[in-house]
């Protein structure tokens, strides 16, 4: 049996990789991928801990819902990104800065 | 009869609503509505004055049962669980301290309304705001519930901001904002102290926390563990909490008074404000500060007040001298008068700080007197400005030949202001100083030199007023605007006389019969002295 | 080291390496496909946590839904990607350094938090009722969905409906002239 | 195996059935959601305003149903997923109020009305968001928290980007969505950590708080903070506020008005729920001395007030200025949280009611001006006092109220918050809270500075533009009604306070 | 004379009538404007005079009356207002109303044709009212009030020709310098009030009154209610004295008085010679019991010095009114010095006699000025009609003026058969008697006074001779019209001895002095014989000398030239000695003291004013820049803060995220590390 802490450390690493993508990538879709990594890191935690929560089933149920929500979120985000592309002809978030002080 | 004070307070509000609702076709009637309102108020306040019981049994100050014309209604009751029940009353009432201000307010409002004949633009807004201001001022002098007081107190700011800002001079934006920020700065922190007091005080009758000012003056109603407890004083940031509360409240009111160095809003505001607003500012708003110090700072925190009396006295003296010296250096007539207000209000502080019956009586009389006189002075400046749109002292010379009656009023106002006996300012300043002088003997609060230094202010006031008189009004006529100005400089008209004469009469009456004020408030003064000397 | 562990660490490293590659890859198409690999290896790790249903869902939803969406999006906006991406990629920027520092700090933080917690010895893990390898997780999930998690389940339906309407609205050209 | 679960099934089903009667408002909203979709699909051509009407009606209906529950004693629903109590009902009523105003706002908003995609979708999104808001304030379970928060967030993204033909809105929506997604990912990860540490999702179970005592502070501290980041994002607290100015400026004005009120208020609701389990602990001293929850909140509140108020000084775009000011207001409201008792919540709720009235009114007026004249910058408001005298007077009252001065209800609200904070200081004597109070007071003074730039321009400055008398639209009448409420509630605050 | 005996109430009523009538003329005339000003005010002042006389008859030497009502109450203290009638006040009442009436009548002609004449009448009314009030008030507070009102009316009258810059400046100067004294008075009031809790003169200063019964124990001044260090007693005395100093123009606060001559001459005679300036002496008389030895010594020194200094200055003045003004100062110095040496009665006596003859001097000089002015206007000439160097020979053209002025001058010089002789002798003799008991500088006092009186003789002789002797330049100048000259005659009579004493050579028999100093109390000593003889003898010589110097023909030339001429012509040894010993050195001394006066004292005052200006400018600058700057600085700090916060709002999503996460991670790291 794999100890819970190993799952968690891997998930932490994944979370940070995702975060790095979010912070550095010059492409909205890649940022979105980074966010998905972060969410999946959390899901991994839930699933791993959920193993010890048989009665309430919280971890697995949460993971399930999280996957669904993430997917829906991606759909909405992509729709927005496409809209942005339509107007700005770019999806580099660095270049989309008409709203600022 | 039972709702006389409410009537006094809310009549202008009703009038303001009427003005707002009337179509613009009636724009020439607005001023008459406002004037009528202030006249009615004046008669009502005189009625109150005449029916005011000045016996010791009605001294007021810290005994609710001794207040007169009291109106009390439960207003806000909110169960806040652990904080307790919020108890805010609609509580109006007057004693010897507030009653004279009611009469003064209605008189000044009357004069200010007359002075607003000059306003030509946007009459509806102007008179509505003026009446709103009227309500606020009246409310401040009547309110005995701290929450209610604060609402009226803050309500004064808004109309003033617009009155200065919309009808003011060239730098009106700056002046209006400066005025607003200064006073708001003080009052926001005042709010914190109010809340702190609220948590410290219990109404023994109901067991709730309360905003009743009078209960706040009673050491017995404080909770032992509370911040402002007078039983077991707490300390806050290293200073005794009661002292800190006193200082905060004092600063809030002192900004209004104003004291040096919190006074710089005043010259700007006065200079930029249109005449009626200057009149109200100097005549009433500054008095709100002094009234607040008496009614609130001193009455609620007598211990801290005694503790800091020396400093307050010093501030008073510094204000007197500093304001006077500044006035001496002004080249703009209105600015000069504005600075003279700083100087004159210094006497109020000095008198109050003395903690003697003479000093306090003198201070209140000084407020009343300065209320009338500064209104008169600003009215006179306004007349000049109206005619030629200039106020530089150097641009005028020998006005006495051009406008003899006007000059006569100026002479009266100047001499009254510089404390010539026979006018109210003399009695007031003399008793403030006498109070300050006797203080060392009676209660040891102020050293004698303060009174003596303060009296130098009288000398300086003579210097700047007479110098102005000599430069502007005497000598051969020589005007910057030449013949054009000569045409424009018409002497006093009937309307203006209506405004000036009552003020002059007030100054003389109070100067010869100070008992008109003293007798009404004597009981209150004694009760007040009793309160602060423990 | 048992086979189970070996397999686990294999998938774990696969996950992390592929994720890293996704992040570092300049080419978007490649990184999207590497994302596919990461998801798969993640799903495999779910299985090690005895969550087979979740693993399947993950693969289905991500590969079937998310990935396809992303590819669509990529293709709809590829003109810019093909021309502009190369220029952006070059060089080490301030954001990279900042990102690296932040992520490093975060990693340090999380790892030390997790190790400090000593999760393996937590009382609820020791005393709690763990899912055994014989359990039918699909049954369990079904029961949970219909009882305890009925409300979230229903709410998610509304949520998805809303997301659907919204996304459709955004991508739709126009309805009325 | 299965047998383990059988007893639960019947209990759980019973609970579910019992819960239904307390869930009417949400049912009404769900029904409204469906009806709006249907009406949009089938009747939009003939009756373009039907979706709005349906949305209005169902919101009203939900409001009435919620109102009936005001006296209800607290009850847990759906097996502890959500709780129905007095506080949540109050929040729900506020949401209904805001939603009704929002529907009316949209109904009279030119851009949205003339959108060639219609407004039907917006109303259906609104209904779902409103459901999400209701659930947010009722949630007692991390899953519900996350779910409802995501629902509101996603709905908000959609609303911001609703007018897809405008580049500004797309940009705003993208920033909002990506920023929000990152924050919610943080939140999710924090939840996963907490779940790993505690083994429970149920905020009120004894097991949930146990992780505080079983794990060291180094572990739970970051986990908790990460979880709160999601809420802080919704509340636009510093330093999670960066999206707010950009999004508020870019979004359609009704949406901005909505975003600056409802989700924020719901954020407070959820914050109260999330912090509730930790409250007894922080009092009993388990709180680490360096890392106290109150300390973190106080610092955040102070930072929010400073950044919000000082940032607003330099803004020239009205909406942007209001965005910054709303950051400041959030920081201020956070002050009321410190006492963390029913009384403190009452103060916050009152503040929120007033805040939503003020904000809605402010944005309506700003929008009215923008529609009529195209002016968005404060500097351009020069001389508007003449053209829009009534509207600008209303604006002044609103701004006075936002500053927190009498005679407007904004003062009473501010007053109550200060009361709560001073009470908290009274009981704790914490210097941090005193600092907070002083910063709060100072920020009031600062706020005057920027709020009053509007009347300054509108009334004190003259413009060269010709004075045009504009006809007041229904929107301005609504805003004037709101202004009336602001004046009404200072005289009769009991009209609200009585129900708290 | 029973029908002239009144009850106490009636007397008070009468004195109120005397008080109120002039005031009513002030009010009425201002309302009526141009018409009937003279009639009304003369009627009113006559009523006032009659009332005063009636009161005088009843009160003088027979009773002391005090009646009061409660005025107002402050705290527990009741402040009363009332009337105090004793010898001093009734004498002053008569003096003031009588001289006022005369000046009023004189003014009818003198001020004829002035377009603002009604104001003149009104202001005179106000002055009489204030002066009356000052003398009959029974409360120090009331006295103070009237005291300032007197100053105010003086201000109005000095500045009556306000279009003249010099006049309005002189008015301002007078008022402001008087204010300095008022501050002293006020300080005295405060000390009295805090010590005794009342302003009532009766209760304070009566025999056995509060001041009397206050004791000095161990360096503390102890009254019924308070106890303060004894220094406050001295300060109180000095404070009142400062008040008196300004009103009575004592060194160094006297410079306003010469300037005040810018007003109409009738005003100068009434206010700045006869009445108002005597108010200081009157005040000293009122609060006399308060002075301790330090205060009295100060008073003496100041009085003596002023008397001497002013006399030396008067020697070289050429403006006729200025000479008289300095002479007034000098005479006031006499009175003050007399007060200081305890010659209370003598001082008042001199006050009364001085009032008449100085008034006469002014009015006579006024008639000269008036006539010359008319002459100047008539012939459209341009010259200074007040410069005595340009006058001369008027003796024949204006005989009445000449005679009356001579009488007045004789009185001033203290020549026998005049009232001045009596009062001046009284002071001189008393001072010698007083100096008997002392050593040191006090011995000098009588001698300086004597010297001063000789100087007086010289300068007044010079004036008379220059103006009336020699050759006339102005053909056709006549005596002033009858209404003016008859006043001169009346006053001339009053300046002679009969009004004051039956015996023209001894003041001891003077009824007036006996009203203050009980007769026969003082023993007759050698001074009573020696002093009059020596002083008068030398005075006579001085008169001759001055006649020699100035009574000649070369009046148009400057004095130096005239001296040289005579020196070379006659070459009198005595002339030369006089010239060297007295004229030159005294001229030099007078120039020096005048320089001191104008440069140092006035200069000090001016530079003080300048300093005040500079300070006020600095303060104003401070106000603008530092106080305001602080406020603006705070404002700019606020906006800087806002600017700083704003910088992070770049519009770039990832910048936002980086900032946000940097803060979060930093926060975590910090909490970890600590």
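First chain written, first letter: the chains are A, B, C, D and E, and each begins at residue 1.
Just so it is clear, a residue touches a chain if its C-beta (ideal position, glycine included) is under 8 Å from a C-beta of that chain, and two chains touch if they have at least 3 such contacts.
Which protein is which chain? UniProt says A = NADH-quinone oxidoreductase subunit K; B = NADH-quinone oxidoreductase subunit M; C = NADH-quinone oxidoreductase subunit J; D = NADH-quinone oxidoreductase subunit N; E = NADH-quinone oxidoreductase subunit L.
All of these numbers come straight from a predicted model, not from anything done at the bench.
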- Which chains does chain C share as contact partners with chain E? A, D
- Query: Hey, which pair has more contacts between C-betas, A-E or C-D?
  - Reply: C-D
- Query: Centre-to-centre on C-alpha atoms, which chain is most distant from chain D?
  - Reply: E
- Taking mean CA positions as centres, which chain lies farthest from chain B? C
- How many Å are there between the centre of chain B and the centre of chain C, using C-alpha atoms for each centre? 70
- Whole-angstrom distance, CA centroid of chain A to CA centroid of chain C, is 6
- List the centre-to-centre spacing of chain A and chain B in whole Å, with centres computed as mean CA coordinates. 64
- Message: Can you work out the whole-Å distance between the CA centroids of chain A and chain D?
- Response: 25
- Message: Going by the contact rule already set, what residues in chain A reach two or more other chains?
- Response: 4, 8, 15, 18-19, 22-24, 32, 43-44, 48-49, 52-56, 59, 61, 65, 69, 72-73, 76, 79-81, 83, 93, 96, 98-101
- Would you give the residues of chain C that are in contact with at least 2 other chains, written as numbers and ranges? 95, 98-99, 102, 106, 109-110, 112, 114, 118-119, 124-125, 128, 135, 140, 148-149, 152, 156, 159, 163, 166-167, 170
- Message: Where in chain D do residues touch at least two different other chains?
- Response: 8, 143, 147, 150, 154, 157-158, 161, 164, 174-175, 178, 182, 193, 196, 199-200, 218, 221-222, 245-246, 314, 449
- Item | Pairwise chain contacts, counting only pairs that touch as defined | A-C, A-D, A-E, B-D, B-E, C-D, C-E, D-E
- Item | Partner chain A, residues of chain C touching it in the complex | 4-5, 8, 12, 15-16, 19-20, 22-23, 28, 31-32, 35, 38-39, 42, 45-46, 48-51, 53-54, 57-58, 61-62, 65-66, 69-70, 72-74, 76-77, 80-81, 84-85, 88-89, 93, 95-96, 98-100, 102-104, 106-107, 110-111, 114-115, 118-120, 124-125, 128-131, 135, 137, 140-141, 144-145, 148-149, 152, 156, 159-160, 163-164, 166-167, 170-171
- Task: Could you please specify the touching residues of chain D with respect to chain C in the complex?
- Result: 1-2, 5, 8-9, 12-13, 16, 30, 33, 37, 77-79, 81-82, 116-118, 121, 124-125, 128-129, 131-132, 135, 143-144, 147-148, 150-151, 154-155, 157-158, 161-162, 164, 193, 196-200, 207, 210-211, 214-216, 218-223
- Task: Over in the complex, which chain A residues touch chain C? Could you list them?
- Result: 1-10, 12-21, 23-27, 29-30, 32-34, 36-37, 40, 43-44, 47-57, 59-61, 63-65, 67-76, 78-83, 85, 89-92
- Query: For chain E, which residues count as touching chain D in their complex?
  - Reply: 635, 638-639, 641-646, 648-649, 651, 653, 656-657, 659-660, 663-664, 667-668, 671-672, 674
- Message: Using the touch definition from the top, list the residues of chain C that touch chain D in their complex.
- Response: 109-110, 112-114, 116-119, 122-125, 128, 134-136, 139-140, 143, 147-152, 155-156, 158-159, 161-163, 165-167, 169-170, 172, 174-177
